[in-house]
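Below is one structure; the comments refer to it alone.
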Amino acid sequence: MISAYYFGAISLILIGLYAILTKRNLLKILVGLSIMETGVNLLLISVGYVSGRTAPILTEGATPQTAVDPIPQALVLTAIVIGVATTALALTVAINLYEKYKTLDIEKIRGLRG
Amino acid sequence: MNPQYASLLIALPLFSAFLVPLIKRAGKKVILPYLTLVTLIQTGIAAWAFKEVYTTGKPIIVLAGGFQPPVGINLYIGHFAALFVLIIAVVSFFMTVFSMKAIDVEPIDKYAMLFLLLMLGATGMIATGDIFNLFVFMEITAISAYALTGYNKTGEASEAAMKYIILGGIGSSFFLVGVALLYGSLGTLNLAQIAMLASKMNPTVAQAALALLVFGLAVEAELFPLNAWAPDAYQASPHPVTVMFSAFVVKAGLYAMVRIVYLFKDTPAFMGILNLILILGTLTVVIGELSALRQTNVKRMLAYSSIAQIGLIAVGFGVATPQAVDAAVFHMVNHAIVKALMFLAVGYVAITLGCPCIESFKGLGKKMPLTAFAITVGAISIVGIPLFNIFWSKFRLLLAALQVGKTGIVALILGASLVEAVYYFRLIHAMWFEESKDEKVEENLAFSIIMLLLVALIIVIGVYPEPVWNLVQKAATDLYNVANYIKNVPLLGVSP
Amino acid sequence: MVKRALAIIIILITGYWLANALAQVPFGADKMLVGKYYLENVKEQTGAVNAVTAVVVNYRGFDTLGEVTVLFIAATGVAALLWRKKRERTAKSEGSVVLQTGSRLLLPFIMLFGAYIFIHGHLTPGGGFPGGATIATAFLMLYLAFREYEIPHNVFEPLEGLAGMSYVIVGLIGLAIGGYFLFDWIWQTWQLGHANIGRLFSAGFIPIIYTLIGLKVGTELTGIVDNMVKEPKEGGQ
Amino acid sequence: MINCVQCIEYLIVILMIVSAIFAVEWRDLLAAVVGMAAVSLFASIAFFLLQAPDVAMVEAAIGAAMSAAVFIFAIKRTERYESEEEGTGWWVRW
């Protein structure tokens, strides 16, 4: 039996992948990419979770024995920022493409072919 | 000198990139000379690190923050990393000179920043000793590469950048899932410690994690299913950037992949992953060579050829005997030199004559004799004619494949060389034996010197391969000998 | 339809394979190795109460430097790709009176809140990234409320570069004083603030770095918004 | 036996998946972006339940707010509706 969070994370990754593989609208593909990244982040956090423990903030009451793993949280902080950076750049490129081709349909954008 | 100063390899490009907005105030003219100066200093630091590593025979371990490895992040500048950091710095230096002529699209200051950060990303990918830090550097490389690909702001450039971004996004997500699996079963992110604990890992998880990591890095390393971006990006990006892609960005990706896979050398998951790399590499070679055959745009043709060569290197790493790894690393070095020369020359032709299409190359021997000569030497070398450098690496690769009795790979290498011969001799024929009515063009002195330098390097390595071969063998041992790698990293005693 | 079916099949296979591998990584089990070391030593070694902050800034400081760089690249890339000779804002209508007055009124408070988030990063959840994003939201609000508004570019661009440079310089001072890049010289060499762990003036260079990160993230995100809002003027390239 | 915390967990995961499906399937791109922001918000609650308040804050501030804002600006400069044709486009091609 797989836990609810794992299930949610894998579903998000697969939904995002589905959007990337089948959609034709560029912004839709980027929405898919963004959802996929959220799924990956959720997966990383759930890997670091330890049942019954509290957040790794060691004020009164919380000891090292009762805190969850801080590393995945640090990793996800990084991953989220990287994700938004990629998204912003991708949208910029999409704007440039729209100015040139007046469409966001990837089937109609075919300047380069070998 | 304190070996920790090797961290300047990372700190210097970063600092200089952040300084550019202030430099810009002094005027647009100073930016490119400033870029040249920075890469020159970087080359100096890289040369110092290279000398240090190869004279003492010990890798430089940089501890960030002064924490010992599994706790803090470490940079591992071993024989391989030292060699490639030097190559990266030198190629970047040449490309800054080339940029002065080749880049006329505004805004130059942003170009300079992205250029420095692309160099930084590749350096970091090769030097780092931590798997998540590798991801961060991979993203630095990738995102600056996206921006530089689209830098010309034409429709084609934006399209290529878009393809690259989408594939890169999929790749980085896969990579992170792989990292999550690895971390979930081992509890550490340090490469040396992963290697130490690898045998304790559940084989199913190890196999899945490795496959995901290989797929994630295949975007940067241009292996088959995820390299659709490469020819477009090579064709559409500014010429100096194309050189950087081909000369070291790909290699950094490939190195990272091989480093991670070899950490699992003693586990049952290893053979399966090697087969995966072999299959991907073979497909890359076949498809790359066949696509190169029908190109009329020379830059795009070179791009496909570059992809095919990367496939050959991947096949060498997939065979994974010490000899094959030696040969693959040798091929990496040679390919970096040759492709830097080729893309530089073709880019130079494109900016002088307006287009990198085959028509510009007709009668190039009359118009730009020196450039045509450089392209010819590069082409002959890639095909694998004796007395040129790539002959030796292809030859060693053949020997290594024969040693383990994989005749399929022998056939692959020979077939690839044959196809290369066809399209490169077509180019050479167009350059020397076809007429053109255009005037002779004055060739730029700086570029001529760079090109002649690279040509000389090709021929010197071709005639006396031994010194470079010795260097390369040390570098390859660093990659292959994982036990030594674990021993060299001063791991703190954090154990279960 | 064939291709779509193919895509669905590929996705299902991937999902099954992922789930299979993940089943071997039990949810909720204690898998810590390095993490345990961090939790046990974080207070003595860094002085931070929030272990995540200590990991982000101290133990894995290199990652954070890279992360800041990634955002910097994105901001630079957006500016490079949207660069045109002449650009202007094309909003058709001014914001309503409520929006305009409200945003004027709220601006200082939002910025204060952002600053609070990044200065207290070592004590409470938060830190430079959400703090910077909060500051950027304040400017986003100004863009929405006023049709003609533009950020002061000649302050923001150098500030962005300066904040990044200062981060590298703090790291280089560590290299000069302690012998390691990004060494926490305030906490480990000068030993400032050892007496007040859990209060504001502790945790070595974490507050300094988080302030720099906050400024940098705020200016960069605002720069991205600014570039996205302005459209090329008709006739200008 | 299902206690209340688990109810909330299941509820959030289901809501997250449903909004992801809507985000992918809605033809109005503005609505799709709102769906994407909703995914981020629910993920942020999930992070909070998984004892990661730092990540929850960053996800809410950067993942949901900033990235949705940037998407909306991009939609303003391009077009709002996805075309009606059924898409089977493969971006990845040689």
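By written order: A, B, C and D. Residues from 1 in each chain.
FYI, contacts are C-beta pairs under 8 Å (C-beta built on N, C-alpha and C of every residue); 3 or more make two chains touch, one makes a residue touch a chain.
Listed by chain with UniProt protein names: D = MrpA C-terminal/MbhD domain-containing protein.
All values reported here derive from a predicted model rather than from experimental measurement.
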item: Chain whose Cα centroid lies at the greatest distance from that of chain A; value: B
item: Chain pair, A-D or C-D, that carries the greater number of C-beta contacts; value: A-D
item: Chain A and chain D: spacing of chain centres that average the CA atoms, whole Å; value: 9
item: Length of the line joining the C-alpha centres of chain C and chain D, rounded to whole Å; value: 21
item: Averaged-CA centre spacing for the pair chain C and chain B, given as whole angstrom; value: 30
item: Approximate Å spacing (C-alpha centroids) for the pair chain A, chain C; value: 16
item: Contacts with 2+ other chains: residues of chain D; value: 52-54, 58, 62, 66, 70, 73-74, 77, 88, 90-91, 94
item: Chain B: positions in contact with at least two other chains; value: 132, 136, 139, 143, 146-147, 150, 153, 158, 166, 177, 183-184, 189, 231, 291
item: Sites on chain C at which at least two other chains make contact; value: 3-4, 18, 22, 25, 31-32, 34-36, 38, 50, 52, 60, 63, 66-67, 70, 73-74, 77, 81, 125, 127, 129, 224, 228
item: In the complex with chain A, residue positions of chain D that touch it; value: 6, 9-10, 12-13, 16-17, 20-21, 23-24, 29, 32-33, 35-36, 39-40, 43, 46-47, 50-55, 58-59, 62-63, 66-67, 70-71, 73-75, 77-79, 82-83, 85, 87-91, 94
item: Footprint of chain C on chain A - complex, ascending; value: 2-3, 5-6, 10, 13-14, 17-18, 21-22, 43, 46-51, 55-59, 64, 67, 69-71, 73-75, 77-78, 80-82, 84-86, 88-89, 91-93, 95-96, 99
item: Interfacial residue positions of chain C with respect to chain A in the complex; value: 3-4, 7-8, 10-12, 14-15, 18-19, 22-23, 25, 27-32, 34-36, 38-40, 42-43, 49-52, 54-56, 60, 63-64, 66-67, 70-71, 73-75, 77-78, 81-82, 123-125, 127, 129, 198, 217, 224, 227-228, 232
item: Of all residues in chain C, those that touch chain B in their complex; value: 17-18, 20-22, 24-25, 31-38, 45, 58-63, 65-67, 69-70, 72-74, 76-77, 79-81, 83, 157-158, 160-162, 164-165, 168-169, 171-172, 174-175, 178-184, 188
item: Chain B residues touching chain A - in the complex, by the definition given at the top; value: 132, 136, 139, 143, 146-147, 150, 153-156, 158-162, 165-166, 168-170, 172-173, 176-177, 179-180, 183-184, 189, 231-232, 235-236, 291, 294-295, 300, 304
